[in-house]
Amino acid sequence: MLTMPIPEYLSEILDNVRAHTSGEVADYIPELKSANPHPLAVALCTVDGHIYSSGDDEIEFTMQSISKPFAYALALQECGPTEVFAAVAVEPSGEAFNELSLDGENRPMNPMINAGAIAINQLINGADSTVEDRVEKLRKYFSELAGRELTIDRVLAESELGAADRNMSIAHMLRNYGVIEDEAHDAVLSYTLQCAIKVTARDLAVMTATLAAGGTHPITGKKLLDARVCRLTLSVMASAGMYDEAGQWLSTVGIPAKSGVAGGLIGILPGQLGIATFSPRLNAKGNSVRGVEIFKQLSDDMGLHLMSTEPVSGHAVRSITREGDTTFIRMQGAMNFSASESFLHAIVEHKFQGNLVVLDLSRVLTFHSVAIRMIKEGLKRIRDAGFEVAILDPDDVLPDVRFSDGTVCSQIT
Amino acid sequence: MLTMPIPEYLSEILDNVRAHTSGEVADYIPELKSANPHPLAVALCTVDGHIYSSGDDEIEFTMQSISKPFAYALALQECGPTEVFAAVAVEPSGEAFNELSLDGENRPMNPMINAGAIAINQLINGADSTVEDRVEKLRKYFSELAGRELTIDRVLAESELGAADRNMSIAHMLRNYGVIEDEAHDAVLSYTLQCAIKVTARDLAVMTATLAAGGTHPITGKKLLDARVCRLTLSVMASAGMYDEAGQWLSTVGIPAKSGVAGGLIGILPGQLGIATFSPRLNAKGNSVRGVEIFKQLSDDMGLHLMSTEPVSGHAVRSITREGDTTFIRMQGAMNFSASESFLHAIVEHKFQGNLVVLDLSRVLTFHSVAIRMIKEGLKRIRDAGFEVAILDPDDVLPDVRFSDGTVCSQIT
Amino acid sequence: MLTMPIPEYLSEILDNVRAHTSGEVADYIPELKSANPHPLAVALCTVDGHIYSSGDDEIEFTMQSISKPFAYALALQECGPTEVFAAVAVEPSGEAFNELSLDGENRPMNPMINAGAIAINQLINGADSTVEDRVEKLRKYFSELAGRELTIDRVLAESELGAADRNMSIAHMLRNYGVIEDEAHDAVLSYTLQCAIKVTARDLAVMTATLAAGGTHPITGKKLLDARVCRLTLSVMASAGMYDEAGQWLSTVGIPAKSGVAGGLIGILPGQLGIATFSPRLNAKGNSVRGVEIFKQLSDDMGLHLMSTEPVSGHAVRSITREGDTTFIRMQGAMNFSASESFLHAIVEHKFQGNLVVLDLSRVLTFHSVAIRMIKEGLKRIRDAGFEVAILDPDDVLPDVRFSDGTVCSQIT
Amino acid sequence: MLTMPIPEYLSEILDNVRAHTSGEVADYIPELKSANPHPLAVALCTVDGHIYSSGDDEIEFTMQSISKPFAYALALQECGPTEVFAAVAVEPSGEAFNELSLDGENRPMNPMINAGAIAINQLINGADSTVEDRVEKLRKYFSELAGRELTIDRVLAESELGAADRNMSIAHMLRNYGVIEDEAHDAVLSYTLQCAIKVTARDLAVMTATLAAGGTHPITGKKLLDARVCRLTLSVMASAGMYDEAGQWLSTVGIPAKSGVAGGLIGILPGQLGIATFSPRLNAKGNSVRGVEIFKQLSDDMGLHLMSTEPVSGHAVRSITREGDTTFIRMQGAMNFSASESFLHAIVEHKFQGNLVVLDLSRVLTFHSVAIRMIKEGLKRIRDAGFEVAILDPDDVLPDVRFSDGTVCSQIT
């Protein structure tokens, strides 16, 4: 049997970072302080549901702040962007411990800082929900994302509550400004239980891949979130996910990300894959030392930087050739705005001869709606210039074979 | 002759926003205050050098803050990231008028605020440069990006200098902290002249497309910037380009952007295209009212959001079929990490029979380096499992036809 | 019988300000919102225990923030300045609702803002005290200052607790930084009960006069506080008592002061008198509108500005005359540093003749310790110059009739 | 001849602090960096013009920030408080190097920070003044206060200008906000020359004593400033003179003060005396290390704390006695509000008999206006109760011998 080299590649990366033993495990509660600092794991999940992992990928740890983007996505899905934006802004900010974490309209600056995350948690399951119902909704939703029943570390949550002055202070501030209505204690309890949901690095990779895939679960294929919700969640991870290092992270790693104090770190390549790492030792900023290293390496090695300027579609017009009276326009790749522009550009430049023009879509992979519109318009112009037009689309990638004026275009096979 | 629908589409967009007559032209100097508020233009330039524009696309205006990302790119190219990062950080920040615009190491927060832009300007042409030499270097470089000789509006620059207390205050602050060494007056003069370089919307689209194309000029094909420089420039535009609305802009428009007080606005889709608009009336945040509207519409219509989760490569493995003793693996589209993962996944799952395996690359557009490595590794594993392996690559998209162990792979045609 | 004009003067002042009906009663809890806005009172108490008042001087209201300086004085008296300064700083600050209310050592900026006042409250009766014991200690101490049994408005306190998110947020922040150790709820309960102690304007005048008198109760004569404690309390009232208007208040009124949200306002002239007003309508800064007016008028009319440059002691050396062989030096007024300097200056300038020098202290009122030391030294120098020296001190104002070298000086009667 | 012990006392204090050799001379320009760190001086000047000094009291140094309160007083005297308050606020603030040094109305927070001091300097001699005329006005005025022609250290000023980025930045910020209108360079030049006026510790003591004396020069007796101007100047020194240690200084030393970077430090006891010290080594806050020590000692030893609660007037009613039909009321000390209250209290309590009441003022030193009014009212009430009233005032301390209704009171001798 063939074996898969990606896990070997991931193991190599783990070997590269294993020597980084600097940093300390979080120590503000006994349960975290006594955590084993040694585990190390990395996991990827593609939008097609292929999972690769290496290291201690089955060790459970609590999500902590990594729960924030998922709860944000659920709130957007449940309440809609209008209600969510009215409660929490999306501007970058350090995790300041005070009213500076609120903007001019007394909204938390973004959902990635605790003030915003507590406010988002309160949107889940309606303002009248009990704590248990709200947390159960989150647990079920996170479980559906992970593809297995997740559990809550209630012992750790209890311990967190005993050291929750920071969050209690924030919750009372939010109540004071009318951002939340629930009792401060209940709001913090609810948020703390959300943070205490236990996952493995593999779970996180799968959960994250759903965001990368525009809301379709990579394994079950179930549509869990709108594409717009995913886009908004990724946007806020990009601008605010790494606290006051957001700009540095975007420049050097270029992957929307979020870290948790228990040692987890996730990242997302829109349309491609979800990434998760686990290593409990944290740097001074509270991010996993080895997790950060792994992301840097993956970004460099794998060309995963969001601002990568490599052409995404290549030459969309593969060729324009004439055979007798027929001109063949052969398209290839994914048809997005750029590709359809290439098409339009080519047909305007081309001196058509003969009487039939065939658009060959047999090498086309996908169609973005703007491309459909523009290519139909191009075809209509060819037709209006006096040519017959036919489409060759063996894989039915074009959903609706018409010109831009709505009239039907002929197909050939 | 066929006509191109994209300019018509752009004209439509201009018609949609023409009614927005709110906002005011900048009024802090007579030259800007007396500016004609009516001009309206939009221009696109693809990485292939196709330019589309509509409206007053030949009216010249001063770049102002739009010069910041280009000067930043030049500084990165000239001095390297290490020197540039030592001078200016990359964290988002409001355009605060004070030492809060400096970080803990007394570096300006980012190169998109005036403090950072003045510091970046001083890096150009070396610390010992005269003002005129430095400005001439910038003008020449901007001209090369635009593809024509740009000129400086020295009357406007003179007027700006008469109202430059804000920048003078910043320059003296920078000198006080040792960020710049030049005379404050000269630093402000140099920066003001950089801002007074005149461009049209078309110029800006072309200049911006070079950044989108990883530094290769879309028309001349000349390599002007390293891909890494472009990536860093786009990153800082994404995180800090729109001042204290950076997060909101990233969520709703999702295009790295920069605006200028004379009414210009630019945006970049990495690997795809540059966009520029011009309309002098500004909103309270100092951004062009109609420019912002145009970007919102383009982002919605054309699916240009950076966080778009639509699959970029589609199904990279088009098919695996067997004809007699030969198994054909047909790949398609751009080979990035995701595509090569699909390949590896497919060959591991597939039960190979016969004795020859042919990798058909005839529908493949481009190869990212990670994909080359991974596909070569996959081929080696097929070979090691006892099969003959051959590559069909009519367009020579794979630069080097070898297995991952360096041995040569056979080719068929 | 003669009648006293001071109450008439105070009534006149009340009449002058009665027309000021702007401002609003505090409205964050029903009990304050429904308060009668009309009452108006002013009361003075001299360090000799003479009380003057006018208006609704017997209406009870809750102390609220006016309790802060008294609790601070009690903490200084109980724990000593070292422990108190370690917990709370003394720098002016606005009443910011966040960690900005803490200084670089995480101490609340001063005891007049809520963060500082909650921390001070926790110092009373030891860290292990129950809430009830701590509050009872404060109530008893405030009662002793007022000269009658004060009671706590527990209904109002209960209502305050229902709207105490601001203070709860602060208390949790203080716990987070280790400033306080008690449960946040208990700390806020304890502070809220302190604030809910009920007083009249007359009570406040008496309580305040004790601070003016260096800690000696003006009526009972009981020594309740050290002079140093009073000096420190007055200092912090002067620099931080009026929140972010502290400087304006010091310039225009010049009286260390503190206001409460129920409408009270107190002020202190060190060594002279305590002042209290009551009128519930507050300005935007939360200070009693008419109370502020009364203080302005009293300061103007009565020359009570702390920075008043009118000479406090006048010509301390009333005369130097010679009768035969005897030279009489007649001193007058309070002997402070300035007065003793006048004495020394005079004897150095004077050409003594004859053989006896008599220091006549019959017009001297009091002696500051520095004056005792300096005057004894002066007498010694006269003696060392060859003269006989005698003291005439019919009222025994000089505690110990000796030269600075410890030898006894003769007295005459 | 007798010798004066005060200089000996001052020498003792200098000896006590001489060992404090910590701290560093200011080093931002060569002229200050190369200053001799060893000089040590202290000087006092009473409101009566007696000067005492010890140490290097004749060494000249530049005033630097010590010039601020004197320039503020001159601006108040020239322009009046309304215009001055419109330009500069009086609230405490750290010496922040940015717009945070401006309040909500874009006024510098107070005249003791550089932003405020530069704005105050611009008020002197009118907005249209040349720099030289403005500086000459300040020099002449400072010379008049010092009692000798002061000169400007133009070499040092020149050097300061070469390192004036901080002040230049502030001046441009002030221009940007319309606080000043002059060229930034001229404003900084003017302020820098003001700071470069040279004084000795003795000069400063004399200058400061004029503020203590309500504006009357202690030696020439010339009225240079209104009492109100002095009160306002002292107020702002008390609340903002020691930057972000203002509260600590007020608590521990309790003397309105101002320090300069060349090593000077001044303090003022209203109505009593001016104090100046000189020692160039500065602590981290920029205050003279030994100067601070001297002030602490003087405050402790000499009872000079502003919040001192020692009674200032003592028992104003020395006695009430009857001889036959005549009742003698003997007053003593300075007649302020407290004293007159004592008088009123006494006559209301007293059961008058006989038919003549004599008010004996022969031990009275001074009369505050409120006391005149109240004592006249008291006499009227005695008269209205049916008694004859006469005043014994051998020293004519009561300016106008009438009852409160304007009728003339009889006098006896």
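Just so it is clear, A, B, C and D label the chains in written order, and each chain counts residues from 1 on its own.
In this text, a contact is a pair of C-beta atoms (placed from the backbone, for glycine too) under 8 Å apart; a residue touches a chain by one contact, two chains touch by 3 or more.
Protein names from UniProt, one per chain: A, B, C, D = Glutaminase.
Only a predicted model underlies this, so the values are computations on that prediction, with no experimental measurement involved.
Participant: Both chain A and chain B are touched by which chains?
Facilitator: For chain A paired with chain B, there are no chains in contact with each.
Participant: Taking the mean of the C-alpha atoms as each chain's centre, how many Å separate chain C from chain D?
Facilitator: Spacing between the chain centres: roughly 22 Å.
Participant: Centre to centre, by mean C-alpha position, how many angstrom separate chain B and chain D?
Facilitator: 63
Participant: Centroid of chain B to centroid of chain C, CA atoms only: how many Å?
Facilitator: 66
Participant: Would you give the residues of chain C that are in contact with at least 2 other chains, written as numbers and ranges?
Facilitator: Residues of chain C never touch two or more of the other chains.
Participant: For the protein chains shown, what form does their contact graph take: line, ring, star, complete or other?
Facilitator: Graph shape, chains as nodes and touching pairs as edges: a ring.
Participant: Show which residues of chain A lie in contact with chain B when the two form their complex.
Facilitator: Chain A reaches chain B through residues 1-6, 9, 46-48, 50, 52, 89-92, 110, 211-215, 227, 230-232, 234-236, 238-240, 244-248, 250-251, 254, 256, 269-273, 301-315, 332-334, 336-338, 341-342, 344-345, 347-348, 352, 363, 365-366, 368-370, 374, 377-378, 381-382, 385.
Participant: Using the touch rule from the top, collect the residues of chain D that touch chain B in their complex.
Facilitator: 96-100, 165-166, 168-173, 175-176, 184
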